[in-house]
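Lettered A, B and C in written order, each chain numbered from 1.
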Amino acid sequence: MSELAASTTETPDLESAKAKALAAGVKPRKYGGWYVAEHRLLSMRTYLQTMVATGVGTPLLYLYAMGVGLATLVDADQGQGLDKVSYLVFVAPALICSAALTTATEEFSYPIMLGFKWNPTFFGMNSAPLEGGQIINGVTYSVLFRLVAQSIVYYLFMLLFGAIPSPLGWLSIFAAVATGTALGTMLMAYASRLEEDKGQFNYIMRFGVIPLTLFSGTFFPLTALPVWLHWIGWISPLWHGTELSRVFAYGYSEPIWLTVTHVVYLVALTAIGWWLARRIAVRRLNK
Amino acid sequence: MVVVSASKSPVVAAESLTKKYKDFAAVDGISFEIAQGESFGFLGPNGAGKSTTMRMVGAVSTRTSGSLSVVGLDPNNYGPEIRSQLGVVPQADNLDTELKVRDNLIVYGRYFGLSRSYLGPKADELLEFAQLKEKAKERIDDLSGGMKRRLTIARALINDPRILLLDEPTTGLDPQARHILWDRLFRLKEQGTTLILTTHYMDEAEQLCDRLVVIDKGKIMAEGSPAALIRKYSTREVLELRFGSEHNAAAAKKVEGLGERIEVLPDRVLIYSDNGEATLQKVTETGLNPITSLVRRSSLEDVFLRLTGRSLIE
Amino acid sequence: MTALDSRQTPKVSRPFLLPSLYAGNARSVMQRGVLATASTNWLIVVSGFFEPVFYLLAMGIGLGSFIGTVELPGGQPVPYAAYIAPALLAVAAMNGAIFDSTWNVFFKMNFGKLYDGMLATSLGPFDVALGEIMLALARGFVYACGFMIVMQVLGLNLSWMAILALPSVLLIAFAFASFGMGITSYMKTFQQMDWINFIMLPMFLLSATFFPITVYPTALQWVIQAMPLWHGVELIRGFTTGAIDAATPWHVLYFAVMIVLGMTLTTRRLKALFLK
């Protein structure tokens, strides 16, 4: 209803009521997703302190511990690090992706369960003019916003540590965000379906995200794993994201078709997860 | 059972409205019309299908069959448009516990595409209306049940809705909180807002509804104003007698024919009659000695009992 | 909790210590925990065992192939996997103890309202605290045994003294748990709880877990050496590699002091923790 509508006391007939409804539906239909994103960002304000601390603390600590501390051991043994670059340069593009993955895992799991179940605000949004698909869009926009902000900060720290030799290095930001959304939107679809929390997210963390973080060519090349374990990398968004990130950050050489595959894989997973989540949400809200 | 109640075309019209979950019909072919400015109630026990009906009218639940129009539009195609004209108070509060009281109103108003500059003063006005002004900066978890309910109502009013949908607005509240709420709802009614509410409290239905339908097992059992329903399905007064749970049935046999109708419940015997005192007199004349006796005016509870043979709240 | 015949008077022998807070029955709190775990989320509990194992395989074996050997402070070279395995054990002891004594207690306190029910019986807050800590230790001990077996199979226990790592895990976990619970008593919101991770993360990454602290400037070395996890890592590493030295008793002493301080803090804060 528009600002002009104030409290008119006469009871207009059905035709004008209908016309008013049609007019009032235009904005929510167009911008509904953005209203949800606005709401999510407002809620994040409560966690702003911890979010900023994570955003700054994580790159600082990981780059220092792995890129400086652990690097002394690797560089000493290997002469010149891994993949012909110093260990810092090798590991940093993986760390930025892994951080995005962790954040995405968090933001696409519990907040979804929260909105559907524990504090069912999604049902509140839906009883206002918003549609299920818009709610999912809004959540995705807000997480994208956080992922981009976080990855930019990470990238700046990488520069500061001297971990980015290539002028195309800033594209690692894209690789990181795409890594996060590729797994994240899938998780969002799963979380939208979940009726009971029986610790499923714990399993996903322990048997999904942590092994992916460790065995996706993050800290050492996938080729160091036995051949029969290479499939972990092939399906892992983190491996694709990390390899892509390395291509951008230090010109890691791989066939161009492989680089294209990384991009396509990450974008496709993101799109499928997003689409699935929208479908599931619409169905779940319509009881 | 369609009753055209007003000369104006109805803001809500349902015809053979049905909702099935698998094979189970939660709402089973109900028809009703609600006029602009009317205060309309669904009265029925738990599981009758009240919330399901409200969700369909609220354009968040797709009907299985039948027809439904809200502000002249079909919810199947015009969900957002219809919802832009509604204020919804769901059975279970879904206020955002991550936001403060006032922010809850503003954020909700944004879903309708209202501007922040409009919403600020509007939120303050509604907090005043809901008697929550001092709580503007509080966390949701720190509000009492009654306050949360009032805030939910305030939130539902953020878009100046044409129709307010209230699903069991006072269930679980203490008597005082209920009366505050009724007072607020009455004001809205006076201002011309169409109220559609569900309840399983007769006193609430009698207080707030111009017209209501009694529903049970997804079907409409009766329809009319509270007074008309009582007139039609009950007597003016009811005499309640208790003989002790062992003796009620036997005593009921003896008083047969004294009132217009007799209802034997496990704990008491109800005699329907237009003059309760006189009937009580007759009962004592038969030599029966009830442990307690009570003469009261007939209520919707009696209507429901008459229609279904069961109490409304079990 | 033990079933009491209604006619039988419950035996409440108030112990000498803390008579108003302690009924000497922490056991029943612990038994409840074991039952609850067994009936609901035992699989989650079991899954906790895998986390350090994954780390060991990835970092120790995988990355280890690019590192070779690492020199211990005494100059003795050990394979990288054998270097980080004891550290991961110490980290697991810390993580488990902290999780159980902070998040777990915080949830039960604020959402489950579990403690209200317990404290309505003859149990005192100290029973609850001790029971929860013991439960955490029991669980940590089981994990540690599993991890030690993995280490043995991979040939990463370089000395017979490795067996002493097990009691060390208990010592470390007890110290962290007693402190964690005391700190939780000050926590009101999720956001505050989040800060616990900010202390854990740097400890995890920097306490000689993945590389010797000699890479740091001296000042930073001092800071790390003041942190409990570094002592835990060094203590266990000493046993599993057999490279114990004069520092070992000091590590033990560090945790003993931490337990005394932690338990004092927790006991003082018991009322704030459980009697809201």
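One rule holds for everything that comes next: a residue touches a chain if its C-beta (ideal position, glycine included) is under 8 Å from a C-beta of that chain, and two chains touch if they have at least 3 such contacts.
Nothing here was measured: the structure is a model prediction, and the numbers come from that model.
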Chain contact topology (line, ring, star, complete or other): line
Of A-C and A-B, pair with higher C-beta contact tally: A-B
Maximum centroid distance from subunit C, chain identifier (CA atoms): B
Identifier of the chain whose CA centre is least distant from the whole-structure CA centre: A
For subunit B paired with subunit C, centre-to-centre distance based on mean C-alpha positions, whole Å: 55
Inter-centroid spacing, subunit B versus subunit A (mean Cα positions, whole Å): 45
Subunit A and subunit C: spacing of chain centres that average the CA atoms, whole Å: 32
For subunit A, residues contacting two or more additional chains: 46
Subunit A-facing residues of subunit B, complex: 8-11, 36-37, 55, 58, 60-62, 71-73, 78-86, 88, 90, 92, 94-99, 103, 107-108, 110-115, 118, 159-162, 191-192
List of subunit A residues in touch with subunit C within their complex: 46-47, 49-50, 53-54, 57-58, 61-62, 64-66, 68-70, 72-74, 77-78, 82, 198-199, 202-203, 206-207, 210-211, 214-215, 219-220, 224-225
Sites on subunit A touched by subunit B in the complex: 1, 3, 5-7, 9, 11, 13-15, 17-18, 20-22, 24-29, 31-32, 35-36, 38-39, 42-43, 46, 119-121, 123-131, 285-287
Complex contacts: residues of subunit C adjacent to subunit A: 41, 43-44, 47-48, 50-51, 54-55, 57-59, 62-63, 65-68, 70, 80, 191, 194-195, 198, 201-202, 205-206, 210-211, 215-216
